[in-house]
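Structures incoming, each one as structure tokens.
Both complexes shown next keep subunit A, but they swap its partner, so subunit B is in the first and subunit C is in the second.
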Partner chain A sequence: MIEQIREKARELLESGELDVVIGYAEGSDPTRTTPIFCRKPEDTDKLVLDGRCVNTLPAYLNKRHEYPKKGWKKTGIIGKGCDIRAITQLIAENQLKRDEVYIFGAECEGVVAHPEKWDGSLHEGNCASKCSACDVKIPLDTDFYPGEKPEVDRSGPYMVSAPALATLVKMDDEDRFAFWRDDFDRCFKCYACREVCPHCSCNICITDRTMPSWVDQAAHTKGVFGWHLTRAMHLVGRCTGCGECTRACPVNIQVDLFNQKMKEVIQESFDYKSGYSMEVKPPLITYNTDDQETYIR
Partner chain B sequence: MRTATLQKNDLDRVIDLLSQADYRVIAPQNQPRLDGPDSIDVAVFKEIQSGDSHNIGEGLSTTGIKPFLFPKDEPLFAYENRGKKVVLTEVSLDFPKTVILGVRPCDVASVSSLDAVFSDKNAGFNDELFTKRLEKTTFVSYSCTEPDVSCFCTSVGLAPDSDKGSDLHMTELPDGTLHVEVKTKAGEKIAAVIDALLSGDGDAVARQQAGVAAAEKITRLRDSAPILPWLQDLGNFGDEMWQRLGEKCLGCGACTFECPTCHCFDIVDENSGNKGYRVKFWDSCQFDHFTLHASGHNTRNSQFERYRNRFNCKFKIYEDVFGEKGCVGCGRCIRGCPVNLDITEYMAEVAHKAAIPNAMSADPDFE
Partner chain C sequence: MAKIGVFVCQCGNNIARTVDTADVAKDASEQSGVVFVEDYKFMCSAPGQEAFKKAIRDHDLDGCIVSACSPKMHEATFRNAAEAAGLNPFKVEIANIREQCSWVHNDKEIGTAKSKDLTRMMIQRVKYNRPLERYRMTMTKRALILGGGIAGIQAALDLANAGTPVTIVEKEPSLGGNMARLSETFPTLDCSQCILTPKMVEVQNHPLITIRAFAELEKLDGYIGNFKATIRQKAKSVIDKDCTGCGDCWEKCPFTVESEFDMNLIKRKVIYIPFPQAVPTVPVIDRANCPKFLKDKCGICADVCGPDCIDFTQEDEIIEEEFGAVIVATGFELMPNVYKEYGGSSMPQHLIPKKMNKKQRAAQPRSTSGRLPDVINGLEFERLASASGPTGGEIRRPSDGKKPKTVVFIACVGSRDASKGVEYCSKICCMYTAKHTMLYNHSVDDGKAYVFYMDIRAGGKGYEEFINRAQDEGAEYIRGRVSALRKKGDKILVKGADTLQGCAVEIEADMVVLATAMVPQADAIDFAKTLGISYDKHGFYSEQHPKLMPVDSSTGGIYLAGACQGVKDVPETVAQASAAASKVMQLFSKEELMREPEVAIVDKEHCMNCWDCVTVCPYLAISPEEVKDRNGNVVKMVANVNPGLCQGCGLCNTVCRSKSIELQGYTDQQVYAQITAFEGAFV
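Presenting the complex of A and B:
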């Protein structure tokens, strides 16, 4: 599979159709892979694609990062199904044009929840929970797919995949608040959750604004709650559920649980799943005269 | 100074005795995990009470001991506007007598890097919030026996059994006992408190062998000797490697906040009505607004320049200003990096480049 992608990527770099192909290469230890920017045809020999490829590479396509400064006319990107969902959403939100990217897709067997759990293979004990409810193992929209791409029914509703969410929603408010307060105590606001997110698109994040300061910058209880709840709300109806925010958190705070819960709410309220259409706009960034008003009392 | 043997399962008693002697005891503790495969093991240093479980001796904690000397946020003073007057209230500098138990050698060595910045030894300004905490803190360190794949302390002049900065050092021996070495007066006080649990003179030979055996398990080996002269050659500031290795950096601050020696902070007034606090809190050179001037000009406008700064800070600026490295090789910046940006790859690349005289530094194909 990766051989065919390498071959195609090499061909498109040689012909000059693509300026760069963003993919995964071997990391600095055997449990890891790392993002690679292939500019020369021979760089494509380094490409790998397996259960260790956890990064959501479309984060590099987000205008917050340096993608627009590079001057690439057409960017090749290797995507798992969930990554391609993120690209779809970036296009739906006018953050990216479809013809700026060339998408290499392949069937995904799932990825490890965290590199430190990689023991040589992918199995039930180390596979990320997002993969258990995945309907894009055969990716949605690709320019290159090795072999024949089968038709897949993706009409089902969004399903929460994290088992931890079931535990949390059963708690009463006080216990749940105590849980987050204790977990957030470890947060030092490194913003890894923000930087790895393909959908955190603001040029200047609200937490970085100081005139006025909307969210306390310090990592005390108020500053940490302020950040995580703001982040969760800003991604409602936009998060495509790659789970990178949780995976990237250096102190194991499962911040994607907020996003998963909100995805469930958006499914119920608006019958909307983000990342499946480049045309349908996310419900909270559009206005329709027949929008529900039941929340106004 | 004194050496002795301590039984490993007496560590709980050590915590009891130190607590009874009015020490605030800090020890590494596993954090609760949620259901499901997405949760990973995290251990952090926290205050411990008698009977709480700890994980002393079980790997390197996810975060270090930095917050107990340099908290992630702390008020400098409180202010209140009363009519035309502003009333300031100082914060208390009366910190509790503290012992940090089970600190790994890399972490305890890092205290000297923080001290270099915050005390008046070099900087000419004494940050009492740091130095007064340090005066009250005793470090009981614990040799590593199982360094992991990201550890590289032996490449920066330390070792899994280093006792640099330690007051009382423990090394776990293959028979499960702990070899105890008292290093300072503060360590003597700890030894006196736990005297009933100490026996004999310990086994210095076995302790030495344990250190050697642990060092042999470290696989990330880099030659750090060529790094300083290479960085001091300012022609290398524009080398192609900075952009090539650093362009995948996404600009979070995970490496700097997990780092035991990173010490940058910002100060802000947190206002509420007519009163508030002036607060000092951790900042990171990896953030895009860290060097953003009021004019809008940013002296480090690209992410790779920010990581170049981080590497230079550890291996050049610290050496130039303080005469020591600003890196202790704990490997947290490697484990915690979301994109596997690896400081030891920079170290290897520099050693490689330094070995080639008059190497072509700019790569014409690289945009």
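Presenting the complex of A and C:
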């Protein structure tokens, strides 16, 4: 599988059709892979694709980063199903044009929850929870797919995957608040969760705005709650569920629980699943003159 | 350091009764940056304003708070005064301590505490107010009038006589609207067409008026002073400019269909003008019913037309024109008879499918009123009573042409009935029903007219007298409702109640006339969306303020006239049309248009071109703009606000995650400062 991708990537780099191919290569130790930007055809020999490839590479396609500004006309990218969902959403949100990317996709068997849990193979004990309810193991939209791509029914609702969420929603308000207060106590606002997110696309994040400072910048209870609730609200109807925020957090806060809950709400209220269509706009930014609410007419 | 002045108004006793204004002033004087305070009886009075100006000059103030009534009342007053004293008007803010304070609290202590809060909040806010300049814009001094009923006609004449070029867009082949259908008009009983048609002719001959009959507005872009209208001139199949209106074509045309103008009571030709005095006198071919178009047969009209102006290949023409103001005068229609008990169809007319099977068709009412042919509505009666109508003004019933000896008129059909019709009172029905009884009594000497009514509402000049006259002339008024109409031989059995006598009544009538409710045009809501104006739950267009701005729509530069805004008779329609015209004249009387600067602006450095604001803006004021480097290469795209279109609603502010778009005069900093100054704020 990876051989076919390597071969195709080399061919496209050689012909000059692609300026770069973003993928994964062996990392600093055998449990890890690292993102690689293949600029030369021979770089493609380094490409790997297996259960250790956790990073959501489309974050690099986000205009907020320097890479899209390098003047590359067409970027190749190797994507797991969930990554391609992120690409689709970026296109829907006007952060990327479909013809600016060339998508290499392959069937995905799932990825490890955290590189630390890698023991040479992928199994129930170390697989990321997002993979258990995944309907894009066969990816959605690809330019290159090794072999024949089978049809998959993806009409079902978005499935909540984090086991913690079920417990959390059953708690009463006080307990739930206590849960978060304790967890947030560890947050020191490194913003790793923001930096890995493929959808945090602002050139300047609202938490970095100082005139006025809507979100308190200190890492105390109020400042941390302020940040996380804002982050959650800014991703409503946009988060594509890659779970990278939770994986990236150095102090193990399950920040994507918010996003999963909001996905459920959006699904119920607007019948919308982010990352499945390049055309349909996220519900929170649509304006419709037929809106039932009279205050806006 | 800021130099802020605070002016606390007592509003006579209006504020002072429940707010200790001296205490509010004292508290304000202790706030940092406040260098002047005043506690005064009437700030808005001439001496009050003088004191305000003097303080600005003497203390070189760079910000002012007037703690007084709602900014809706006197914000403009004090902003203008500040401007006169040399302070940028947008450095003046109002703290509303009357409507939001003294008028809603009885406890003076609470009222005073809240007034202090509101004043303090404004003091902090004004420190971040930037001086703003109003936008100046040019405008196109031409008016577009939509609808050529009496409202549109009157507005057009008023404007054109004042020197403003006007275009009337009318969807039917002729001007005139519903008034052209009326026989005689209350309260004077003068002939409707005799007073209407001279005006139509005047419109036709006016050098400043362009009539676009048989045309529709497709799209309206732009904003006050600078609208761009896209008008579809439907194909008449007749070349306007060559047509002399001789009538040879419609006389010779061998095919007929029911005449909409005559409420389907008689037939008209397939090439037609709706009525003899039509303006313009140019006929149109009803392509849906013309065999030339259906099966390429006939074509007689083309053979007989002297100037050779029949053109079967003519296509719809799309015209784009610019206007500075728009008057909407699209009128009303009558609610269809949807009452089974009155022989109506249970389905509203506009929901009846266009293509019907035989059974459906058989179930349809013959006329607009119902399945019982001699149950008709008010407009049908007008046609029967009209000298130019199907019966030449003799009242004969539709089924067999007999003169009806007994006629029952039923008022309030559908009106004042929230459950089965509309909640409002259609207002004109009492009057036209009285008129109908008179017209009937004048036409059928030995006839008897009965009127079933709920209440008689005749509040107008000469209106009550008119009702009395109708009763004197023999109409019998029965207070009560009719429960059912039944066919009985060739008569209609009217079963009703007389609530004054407390008994049931049965009348065998030859004809029944229903005063059905006056409702907006079936497409009124869609049309409102095309125009971008607001409407009420029925589809009548909403005025800006029910008392003080009765002809302004919710959108700047668009004005309302006539029955499209609410039920009206002709005198009221004409008055409103003239008022709308005068609003347009007022707008056009200035050289340039001044727009308030409270519009959105984009932080182009940080905008990440997600176009969320573009999607959400209800006024389509935001569009993508290219940012170019020195060599003219596009480096990025950003959002750009057209200040002419922006209405300052602030929706874009709420969707922009990166806070890259702000409302001038309502910046985040101003609002934030205001909130943090509130004692109870969680900050």
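By definition in this document, the second predicted complex is superposed on the first by the 289 of 297 C-alpha atoms of A that agree within 3 Å, B and C clash if a C-alpha of one lies under 4 Å from a C-alpha of the other, contacts with A are read in each partner's own complex, and residues count from 1 in each chain.
As a working rule, contacts are C-beta pairs under 8 Å (C-beta built on N, C-alpha and C of every residue); 3 or more make two chains touch, one makes a residue touch a chain.
Note that the structure is predicted; figures quoted are calculated from it, not measured.
If you put the two complexes together on subunit A, you find that subunit B and subunit C both fit without a clash. Once chain A of one complex is fitted onto chain A of the other, the partner contacts of A:59 are limited to subunit B, with no touch recorded for subunit C. Contact with subunit B, but none with subunit C, is seen for A:32 once the two complexes are overlaid on the shared chain.
Once the two complexes are laid over each other on the shared chain, residue contacts for A:243 go to subunit B alone; subunit C is not touched. Once chain A of one complex is fitted onto chain A of the other, the partner contacts of A:113 are limited to subunit B, with no touch recorded for subunit C.
In the superposed model, A:234 lies in contact with subunit C only, and not with subunit B.
Judged by the touch definition given at the top, the superposed model places A:194 against subunit B, while subunit C stays out of reach. By the touch criterion defined above, A:128 lies against subunit B but remains apart from subunit C after alignment on the C-alpha atoms of chain A.
For subunit A, the partner with contacts to more residues, out of subunit B and subunit C, is B. Here subunit B and subunit C sit at a least CA-CA distance of 5 Å once the structures share a frame through chain A.
Overlaid on A, the two complexes show subunit B and subunit C touching the same residues of subunit A, namely 204.
Within the complex, the subunit A residues that touch subunit B are 27-29, 31-37, 39-40, 55, 59-60, 65-66, 69-71, 113-117, 124-129, 162-164, 166-168, 182, 186, 188-192, 194-196, 204, 208, 210, 213, 216-220, 223, 243-244, 246-248, 250-252, 254, 256.
By the touch criterion stated above, subunit B contacts subunit A in their complex at residues 31-42, 44, 62-63, 72-73, 149-150, 247-248, 250-254, 256-258, 266, 268, 270, 279, 281-282, 284, 287, 289, 302-303, 332, 334-336, 338-342, 344-345, 365-367.
Here subunit A touches subunit C in the complex through residues 63-64, 93-95, 201-206, 209, 211-212, 214, 234, 281, 284-287, 289, 296-297, going by the rule given at the top.
For subunit C in complex with subunit A, the residues that touch the partner chain are 529, 534-535, 605-612, 615-618, 651, 655, 657-660, 668-669, 672-673.
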